[in-house]
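Letters A, B, C and D mark the chains as written, and numbering starts fresh at 1 in each.
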Amino acid sequence: MPINLFEYEELAKKQLSQMAFDYYSSGAWDELTLRDNRVAFERMKLKPRVLIDVSDRNLSTSILGQSLQSPLLTAPMAFQCLAHEEGEIATARAAKKAGVGMTLSTMSTKSIEEVATQGNYSDINSSSNNSNNTPRWFQLYIHKDRDLTSNLVKRAYAAGYNALCLTVDAPVLGQRERDRRNEFTLPAGLNLANLASISDLEIPTEHGESGLLLYFAQQLDPAITWKDLAWLRSLSPLPLIVKGILRGDDALRAVEYGAKAIIVSNHGGRQLDGAIASFDALPEVITAVDGQVPILVDGGIRRGVDILKALALGASGVLIGRPILWGLAVGGEAGVTHVLDILRNELSVAMALCGCSRIQDIDLSLVR
Amino acid sequence: MPINLFEYEELAKKQLSQMAFDYYSSGAWDELTLRDNRVAFERMKLKPRVLIDVSDRNLSTSILGQSLQSPLLTAPMAFQCLAHEEGEIATARAAKKAGVGMTLSTMSTKSIEEVATQGNYSDINSSSNNSNNTPRWFQLYIHKDRDLTSNLVKRAYAAGYNALCLTVDAPVLGQRERDRRNEFTLPAGLNLANLASISDLEIPTEHGESGLLLYFAQQLDPAITWKDLAWLRSLSPLPLIVKGILRGDDALRAVEYGAKAIIVSNHGGRQLDGAIASFDALPEVITAVDGQVPILVDGGIRRGVDILKALALGASGVLIGRPILWGLAVGGEAGVTHVLDILRNELSVAMALCGCSRIQDIDLSLVR
Amino acid sequence: MPINLFEYEELAKKQLSQMAFDYYSSGAWDELTLRDNRVAFERMKLKPRVLIDVSDRNLSTSILGQSLQSPLLTAPMAFQCLAHEEGEIATARAAKKAGVGMTLSTMSTKSIEEVATQGNYSDINSSSNNSNNTPRWFQLYIHKDRDLTSNLVKRAYAAGYNALCLTVDAPVLGQRERDRRNEFTLPAGLNLANLASISDLEIPTEHGESGLLLYFAQQLDPAITWKDLAWLRSLSPLPLIVKGILRGDDALRAVEYGAKAIIVSNHGGRQLDGAIASFDALPEVITAVDGQVPILVDGGIRRGVDILKALALGASGVLIGRPILWGLAVGGEAGVTHVLDILRNELSVAMALCGCSRIQDIDLSLVR
Amino acid sequence: MPINLFEYEELAKKQLSQMAFDYYSSGAWDELTLRDNRVAFERMKLKPRVLIDVSDRNLSTSILGQSLQSPLLTAPMAFQCLAHEEGEIATARAAKKAGVGMTLSTMSTKSIEEVATQGNYSDINSSSNNSNNTPRWFQLYIHKDRDLTSNLVKRAYAAGYNALCLTVDAPVLGQRERDRRNEFTLPAGLNLANLASISDLEIPTEHGESGLLLYFAQQLDPAITWKDLAWLRSLSPLPLIVKGILRGDDALRAVEYGAKAIIVSNHGGRQLDGAIASFDALPEVITAVDGQVPILVDGGIRRGVDILKALALGASGVLIGRPILWGLAVGGEAGVTHVLDILRNELSVAMALCGCSRIQDIDLSLVR
């Protein structure tokens, strides 16, 4: 059994098709940002505090009034049925069991409703003080077809999702060359579960091209601007989270236009190769926003101690992407559960070794 | 089919003779500057802007009042018939089709006139507002024989070239050891097309030496100075561009002596090994010149996003060297067209992902 | 015969079981801190002084009024009988012969009393001006069972140990994945010599886990705080040394709570992976403490010149860990003696080449 | 035929015994300084000047009123007969032919007088304005036997050497582990040519040790100090040069005690491993001395452009060490001549490409 997230990746690589593994693991162009996302965490050195009672550690926290047993959510990742037949449902169940958040992708292979039903989301919005009120976010891509988009938001709200997470770093799809070489498309039997019920949208195929790239070019809207956030917010009472910010000025603008949280992200190195590592972009965003809304970060987190580093810089939580898929590929729901368990355990040890009993004890003085 | 410029290089390497590939790909001495030219671009990190309407991107720009469909020219490179029998003519046609500029080398294997005729340059200077007014520059080496030099300028002007690009970083030829080991010289059937019509000049051969190095030592003038620019400018109405500047003070001097544009370059790492990467030299030159004339840069650009990085630092455009030769080697005119297409497409994606619809939107705030 | 400490490691690796070598050599998680501990020394450059009479070099020094023939002690390391049947006794004899200090681990495989008897500690505390008054420190882990802990301190004092060295960087055990893969536990015949006499404590075993980690979790107390130092000091007249400090503020706090010396350490990279290299943490601690108590450092020292570097930054001495074990594995007491001899000789040469005849001549101006 | 100094090293390695190659090529301990000496030059980037008449380049310069056709001397290196039977005589002839300086080692395998006779030094000191007045320096190690030392100086003066170069970075010999493994000693037939005539001194042998290290320990004096320079200066009218300075304060002290030139050196990385790269130490020394005496540098120079870099920082010249031995091993006198020719030619090209016609044109503005 894998004992860390790197071993999960190795094992998943053996179990997945080349096309699926490449789709999940690759980055754009030369994968410089993909690698730098990881290295950025390794560069940061910690100065632990000692002789503090850490016998009773509590990793729970809350973001937007939503409770987390540990400060993390699964990142929105498309096509999870490529990894395991239960796909997003398995992820949802594992997240629920672990008491962490989940973000469902617009491009999921299980529908908004299936995930909500299986994940038992129904009562979330009706009982805001419920201890069960964990982040169950719906990630949104805005399609050119605004009715389709609006429908997605309404379905997510109706199904019990408790925030809307707008991806803003993908006006066009990043060029992932491994997908292109593989002529990536969904295998027979998988489809865009949220979109098929509305139209006949499917991942197109074309010789020498990634089907996903074609889909993006045909269906998604590269014209959206800050002003569209008002329209988006009008579609439901759900709080709006903006994902894909790497600059202080954009972060401030997001707050100004009503975002209730910001996710510092470069889309796992899959969009603009050459973009700053998300962890390296965190300080500028934290400084600019100055506590007005919570800041999360994703990209390159592979150890619990990385979460501590992000929190030390001022993040309120992190999103975990590819490792969730490796868990899914290796063991379905149980695999995701184990991945989350490893992260939680590593974070707990890292906190103990840094003299932190609670999430709030993690502060800037811990980093060099 | 190659999908990026690195794959073009790999494929070209297989198709070219060792002597030709080495001539094109090598740098001087230990090739430190050659490598650093590339790494300099990889070091620079971007901070993209989001939520800007990038649905309608326009990559066109102009330099010296000359139009470009994307902000690039092919760099002046000698002996293009080593890569493909149509040589510089194929490059000219591909550049014209792509709406980008071309710089013809003094050391070309197709003559000034052949390239102009095949590239349809004839009407360029007669119609300055013509949309066809793209950069068709002639790169000049000053020979010890000043009449020969003067003749080259006059022929270029007569043939419809619209700027003169003086290379100033080669008073002597850099020592490229691979050429020396290969005893580099032109194969039978190829010659210095611009010079053969005037005299019997040809690339000499000598055991254990690069023929090109001998040619330089015999024919070219290491004594030219800033004062010679006045003479050069007097030979034709063509605007003078100085190529091979790496310092702010030299850039200012170029402006003072009448240069209408400057190309920051270390000759692709082929001259002074140990010279600063051209991309790293850009900020000092940009600052010194302070907008008086446009600044271009070449050396190490292999991705469209590298062009964006150069423009973000303040460059008006870039020159693309070796990748053009790889395209030529792999597919002649069609290969060059594809290489230019890849760069344009990558730049377009990079702009979209940085929130830039037009070339002018690319600014310094995008770089870290 | 090995001629440096790296060769000792290679040879030891061949002679030890995989489980023992891994236990000794590994670090926590990704072993980033383990590697950085070493690289930190390699990064530091020296500016030697010349033309000073170095014919008569004296490496002796004192710490807490205790004499050292060279400025080093063996670090507290558990389970030395894994390396050689004489274990900690061989180390004690070699240290005594070399005139350097030794720190006995709570987790030793020879008891406090055995080591004291064989190492001839009996008369140390009775004759404080004795030239034999070398550091014979007892390293302490505080068990949840405070009587057991108190007993350990009293035994150490009674047996002639002359300082108590409290490890503060291990409220929980670091996750050393090689141990986990090996399901590390003590082989039959070895036990926790200091603890077995009191109770039936032994290293537990469990499938897929390090036994040491389980022992820590079961027996050691993660709740100790600065205030417990007063209790600890009340148990004996022994001076208290705090080991495992990486911050200036913690160092000051240690002084405030009565520590008589501080050891800057990250536990050889075995606890918090991602922690700053101990050598890199030294300047902040030195500056904060400002001479109030002596500062020692361990982690990554493999050459005599590393000791000089640490002393140049202001350390009073260093602790040597793993290389002692390699000496033990290769040659028992003679191996440790040789390792200490190599270090002493290298330090002597380094001092000569830096223009230092005495330990006090090593100053900050020697480092860049 | 090798075309650069790296190829000379490769070829020499094939032709020399392992013991001889190791003796020449190795550094102390972990060879960190050995490597850093080279990398320091590669790190430094140049900003060349253009459009300067470089048709007529003059590489000649002078140091201490002694003429050099190019700004370099061969470094003092022991035992040159290990590389070629003509040893130091071949080096002297090649240096003379090239118009560069030579420094003869105390530990030479050809005597002071043989080298002077064969190198035609006889008339040097009698005709100070002679164009033949090139640096013919004698490097001195001070033996415990002061008469022996005094005799060496007097013999050097009598034989026509024109400066005394005192090595100050070797009060004890650095620990070169390859020599130790090889039990380095001189093969039968070779001896310390300068010392054998006085006594029966020879390189001792001992199992598991470098004979040279034993010789140093037995014969050379680690007690010399700045005050001994006065005695040394009193022995002859020769100007005194101090070799092995890496600090500004030591450089100033050398000037104060009568040194007429300083050589910034770490003994080719063979003494204190961990010492700053000599090239990196240059600026501090240049700044401290502020033009009072000329500063030279050695260590890591493998390209003519490295000489330009050293001169740009303010050095008056450089010493070339190991590459001379590679030339000697490959081709005796002709090999050394070729090595010197390569360096001269590369420097000439580097000067042309930096816009420098004369040595004095090389200034600080060329380096980044």
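Criterion: a residue touches a chain if its C-beta (ideal position, glycine included) is under 8 Å from a C-beta of that chain, and two chains touch if they have at least 3 such contacts.
Protein names from UniProt, one per chain: A, B, C, D = 2-hydroxy-acid oxidase.
A quick note: this is a predicted structure, and the numbers were derived from the prediction, not measured.
Asker: With over half of the numbers shared counting as same, classify the chain C (2-hydroxy-acid oxidase)/chain D (2-hydroxy-acid oxidase) interface as same or different.
Answerer: different
Asker: Can you report the angle of the rotation that maps chain A (2-hydroxy-acid oxidase) onto chain C (2-hydroxy-acid oxidase), using C-alpha atoms only, to the nearest 5 degrees?
Answerer: Rounded to the nearest 5 degrees, it is 90.
Asker: Which one of the chains is farthest from chain B (2-hydroxy-acid oxidase), going by Cα centres?
Answerer: Relative to chain B (2-hydroxy-acid oxidase), the chain whose C-alpha centre sits farthest away is C.
Asker: Can you work out the whole-Å distance between the CA centroids of chain B (2-hydroxy-acid oxidase) and chain D (2-hydroxy-acid oxidase)?
Answerer: Centre-to-centre distance between chain B (2-hydroxy-acid oxidase) and chain D (2-hydroxy-acid oxidase): 43 Å.
Asker: From the mean C-alpha coordinate of chain A (2-hydroxy-acid oxidase) to that of chain D (2-hydroxy-acid oxidase), what's the distance rounded to whole Å?
Answerer: 61
Asker: Residues of chain C (2-hydroxy-acid oxidase) that contact two or more other chains, please.
Answerer: Residues of chain C (2-hydroxy-acid oxidase) touching two or more partner chains: there are none.
Asker: What are all the chain pairs that meet the touch criterion?
Answerer: All touching pairs, sorted by chain label, are A-B, A-C, B-D, C-D.
Asker: Which residues of chain A (2-hydroxy-acid oxidase) touch chain B (2-hydroxy-acid oxidase) in the complex?
Answerer: On the chain A (2-hydroxy-acid oxidase) side, the touching residues are 29-30, 32, 36, 168-169, 171-172, 174-175, 177, 180-181, 208, 221-226, 228-229, 244-247, 249-250, 253, 271-277, 280-281, 284.
Asker: Flag every residue of chain B (2-hydroxy-acid oxidase) that touches chain A (2-hydroxy-acid oxidase) in the complex, lowest number first.
Answerer: 1, 3-4, 42, 44-55, 303, 305, 309, 346, 349-350, 352-355, 365, 368
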